[in-house]
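Please read the structure below before turning to the comments.
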Amino acid sequence: MTFDALTGVLVVPAAAAALLAALPGYRLTARLNVAATTLTLLCALSLFFKRPHAGAYLLADDLNSTFIVLTAFVGFTTSVFSLSYIGHELETGRLTPPFVRFYHAMYQVLMFAMNLALVANNIGLMWVAIELATLTTVLMVGIYRTHEALEAAWKYFILGSVGIALALFGTILVYMAARPVVGEGLNAMVWTLLVTRARDFDPALLNLAFVFLLLGYGTKVGLAPLHAWLPDAHAEGPTPISAVLSGLLLNVALYALLRFKMLLAANPGALAPGPLMVALGLLSLVFAAFMLYRRRDIKRMFAYSSIEHMGIITFAFGMGGPLANFAGLLHMTMHSLTKSAIFFAVGHVAQVKNTQRIADMGGLTETHPVLGWGLVLGVVAIAGLPPLGIFMSEFLVVSSTFARAPLLAMVLVFGLLIGLAGLFLRLNSIAFGEPRGPAGKTQASYVPMFAHLALVLIAGIYMPPALVAWFYNVAGLLG
Amino acid sequence: MPAQIGTQWLSIVPIAASRSSYDGLLVFLFMVISGTLAAFAIHRLASDRLRRAPAWDCGYPDASPATQYTAMSFAQPMRRVFGTVVFHAREHGEMPPPGDTRPAQLEVELSDPIWDLLYAPLVTGVGFAADHLNRLQFLTIRQFLSLVFGALVILLLVLAVWS
Amino acid sequence: MSRLDFDIAHFLAGLLVLISFVELYQDRLYALLNIYALHALTLAASVAWQAFIQDAPHLYVTAAIALLFKAIVIPVSLHRIIVRLGIHREIEKVVSVGGTMLAGMGLVALSMVVMLRVTHGADPLAREDLAFALSVVLLGLLIMVTRRNAVGQVVGFMSLENGLVLAATGAKGMPLVVEISVAFSILIAFIVIGIFLFRIRERFDTVDIRALDRFRGERR
Amino acid sequence: MVVIRDFAIQGAQMLLVLSLAPLFTGFVRKVKARLLRRQGPPLIQPYLDLVRLTRKEVVLADTASWLFRIIPYLVFAATWVAASLVPTFRTGLLFSWSADLIAIIALLGSGRFFLALAGLDVGTSFGGIGSSREMMITSLAEPAMIMIVFTLALIAGSTQLSTVAEFMASPQVGLRVSLGLALVGLIMVAIAENGRVPIDNPATHLELTMVHEAMVLEYSGRHLALLELSASLKLILYVSLLACLFAPWGIEAAGALAPTLAIGVAAYVGKLAVGGFLLALFETSIAKMRVFRVPEFLGVALMLGLLATLLRFVSGSF
């Protein structure tokens, strides 16, 4: 196989993982980690210019190129962030050098797994990749080895495994549906073949498959009744992992769901996947919005905010149609950037305050102005206030829904407002008021956080026409 | 929004440009230009001298805390105007009889209908829902699994009934 | 495909469901592990039979994996873990036995209804197989839900995976990739569980996850 | 070429309004003085005042913040932009589409908001009194204004001032009851917004009755000059608004050429003269109200606006 961009985004992280597992020394490995993600990002960007043809295993089209570039970008910035974050953790002794080595290797394995899930043209391969990503993150969540971290990892592991088992069952069912039409063997798992022939599949079997896939991958997305692992995994793991979980892994799982949704949409007899996704999305949104009110742990609160936003995105994709899909894609991109920026901020906040309890923080904008205002800006963005990017995408979701299903739109707006109020209630006590808690020094790198926020701000004010055209194109693909 | 497509950036045209339109950016630019123009002209052509002095306050420069303008004082004209109609203002004046050294008291009771009828129920409702849903944070792993299990069974039942 | 081939496959798959029921009923840890071994054994037989009638030699590998890992290695090592950690040998159940069994019956009925209604076009073997596999998956989930003990839950999860393997082998011509990955996932799953049990042992004196449940991040 | 001409006309409009504003204020004062049989200050006195004030140094209170210093520029900019968007001698100006009547009201409203902030900024009680009274008046005047705008928009089918003015100039309008009510309402709002006599006296510095002057009490020098100029601009804005809405005769249509331009300007100046005279006459023949009578006055304006809208709805033709 000749070397192209697709193999690049896979080989680079895999090789880096092997290298990082072998090399000692924090400074060198942390920089190598950044270098590897930079290289991956470059490979991903080259997908815009030259794209290899789809094979039986790998595929690059407009849809997954968007996801790959987003993944590579956030992966890159997070590696820059983890440079300073992990340094601090080493200093305070929360992590020991062997664990740091393990952490870096696992980080690259995670990147590899996510990229593999995105480029996979084979639904079996995609499943394997998502499973690998899950296992990697389980290990990373438990890395601090505190009671809480172990419990969170255990919970994540059990719930994630059940989810992944359900997803496998769904995959098998899709194969069963495809076999009479496409023929036995490998071909019946190749997504590009499946989608062209999906018209002739047994619709009832596809329906059943989708139920399992929705629950299986929906667990990874963090949709409401299946969400339980998410808040704890976010709260107890290292913050860079929280950022990657929220910003990327949830997206990757959603991407898998979207692929199967397209399959169902191509079959006229199958039940429309939309209503199920709409229902789960709305449930997640409203549920998470209410959960924001009683949170005492800052990372757990933003984890719930992630559930809320994944609900919105799932809702938008469930509504379907070019406009709603466009809004969903935009919202997903904006949410990835914003939420990872927030976690960058929260990571440093937790380090300077030496706690994650909201009650022990306060007056952050006074004691650490840059960090505090960065966090405020991030929360303003995530709450969906203008002029930042999430406002635009939420506005699009709401307005396109009002035109088609006003009743659903009412519920949507209700959830959004409840969530907004909840976020600001907490933000108020974190960022403003009398300074509380210890005011440690920061040795933070603010560049990743403000880079993300700047992108979100620019996207909110001005979207380049080329980007809009690109997203519209992808939204059209989603049907 | 049919007229919105094809208009310039940040311009808002709900129906047609001849009926109503608004371009926030242009107005903002206008304001910035005219403001800086004025500032520039005055500073250049006239004086830009400045002197700090105590506040004049119509000749009462020694501000005492008692005359501090508070939020309550700011709202006073409003309360005066809308008091009886909207706020159901009730005044209780208490004038001690002559010879009594107690200070006179004046109490004003106001009720804010917007708060009482709109926000207060909302706040209680949200608090109630948040408290009750919050229990879902503290379930055991087994109970969370039961949730997943329940969702699966319900969806399968839906499928069995539907198709 | 002859009538006999079909009957044997049917019998093995049905047996798997039956053993799942026994697992559901069982409330002693060692017995549960033994029954799980039986479950895996039946699975291996079923997979081997499928390999034979489908003339798909690669499925023998899957059967071997099921036999070696699931029927022998895993039960034995779990046995050891129980001994070493001194876990209570009785499993606390959440729901009464009768209730669990009733729920199990309902689940099997549900999976039959859903599955048999679905695949009119597919060949009967695959169809029955899938229906049984779905039952096993659902029963495995039910076992997980009704046990308080970590080992019990792990066993539930593994019988769930057995159901998956049954489904995968029933799907004729499914590429080997998937079987290996399933076996692989079980392996990894076990390793990780082992690490966790070890760590949990390190921190707590019991694998009973009620001890874990005390730390739900945000204490009440 | 056309663009350059349009730019020139837009610029001319802005400069015209700016340069006429103090003159108009001076004119009103002069007429008032003559009506009271006084000699009165010369017509150009406001210009002289402005020049004098800008030459003086600013005395800034110790407690004043940076906001206090930029507010005069903000207020001036908002008022000037608003005034330049109102058609005076010609409709369909280059930038007229960038803001409609509602936006103009919003511009004036934001200017007033900042002025009220400035009143509170120094922390003296007189500034506070002025601000709170101004806000009280505004809370009544703005709804009235919006109701009047609704009426006009419903009749003309547009909130775009140029379109409305052209519609009013066209023969299809005729006399309408709702228009009459709107006219009276708008005049009342204009009096309140500009702090003219029955509401506020622009000439007084009697502490307990003043509103606008109390807010700007701490200002001096160039800041005060800007605020005075803004006040004049606002006055001329309202007169122009009344003129272009209810007396749109002679106003040059968007596509017309140079000859009618002169007519337009002459008509505009004439209308200003008449407006100023009427204003002075009105002010000399009435006494200032107590502050808490103001709501009743404005309540009438609000009611008129409401009535006009209702009438417009009830019967399409009236």
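Per-chain residue numbering starts at 1, and chain names A, B, C and D are given in the order in which the chains are listed.
Please note the rule applied: contacts are C-beta pairs under 8 Å (C-beta built on N, C-alpha and C of every residue); 3 or more make two chains touch, one makes a residue touch a chain.
Keep in mind the model is a prediction, meaning the values are calculated, not measured.
Enquirer: Look at all chain centres (mean of CA atoms) and spot the one farthest from the centre of subunit A.
Expert: Most distant chain from subunit A: D.
Enquirer: How far is the middle of subunit A from the middle of subunit B, if each middle is the mean of its Cα atoms, in Å?
Expert: Chain centres of subunit A and subunit B, defined by C-alpha means, are spaced 34 Å apart.
Enquirer: Averaging only over C-alpha atoms, locate the centres of subunit C and subunit D and give their separation in whole Å.
Expert: 82
Enquirer: Take the average of all CA coordinates in subunit A, do the same for subunit D, and state the distance between these two points in whole angstrom.
Expert: 54
Enquirer: Can you pull out the residues of subunit C that are in contact with at least two other chains?
Expert: Residues 114, 117-118, 141, 144, 153, 209, 212-213, 216-218 of subunit C each touch two or more of the other chains.
Enquirer: By residue number and range, which residues of subunit B touch two or more other chains?
Expert: 137, 139, 141, 145, 148, 152, 156, 159, 163
Enquirer: Quick one: which chain pairs are touching?
Expert: A-B, A-C, B-C, B-D
Enquirer: Could you list, by residue number, the parts of subunit D that touch subunit B in their complex?
Expert: Its residues touching subunit B are 51, 54-64, 73-74, 76-78, 80-81, 84, 95, 97-100, 102-103, 107, 120, 122-129, 131-133, 135-136, 139-140, 153, 157-160, 163, 207, 217-218, 221-222, 225-226, 291-292, 295.
Enquirer: Quick one: in the complex, what on subunit C touches subunit B?
Expert: Subunit C residues touching subunit B: 94, 107, 110-111, 113-114, 117-118, 138, 141-142, 144-145, 147-148, 153, 209-210, 212-213, 216-218, 220.
Enquirer: Using the touch definition up top, name the residues of subunit B that touch subunit C in the complex.
Expert: Its residues touching subunit C are 137-142, 145-146, 148-149, 152-153, 156-157, 159-160, 163.
Enquirer: Under the stated contact criterion, what part of subunit B meets subunit A in this complex?
Expert: Spelled out, the residues of subunit B in touch with subunit A are 9, 126-127, 129-131, 133-134, 136-137, 139, 141, 144-145, 147-148, 150-152, 155-156, 159, 162-163.
Enquirer: Tell me, which parts of subunit B touch subunit D in their complex?
Expert: 11, 17-23, 26-27, 30-32, 34-36, 38-39, 42, 45-58, 60, 63, 67-69, 73-78, 80-81
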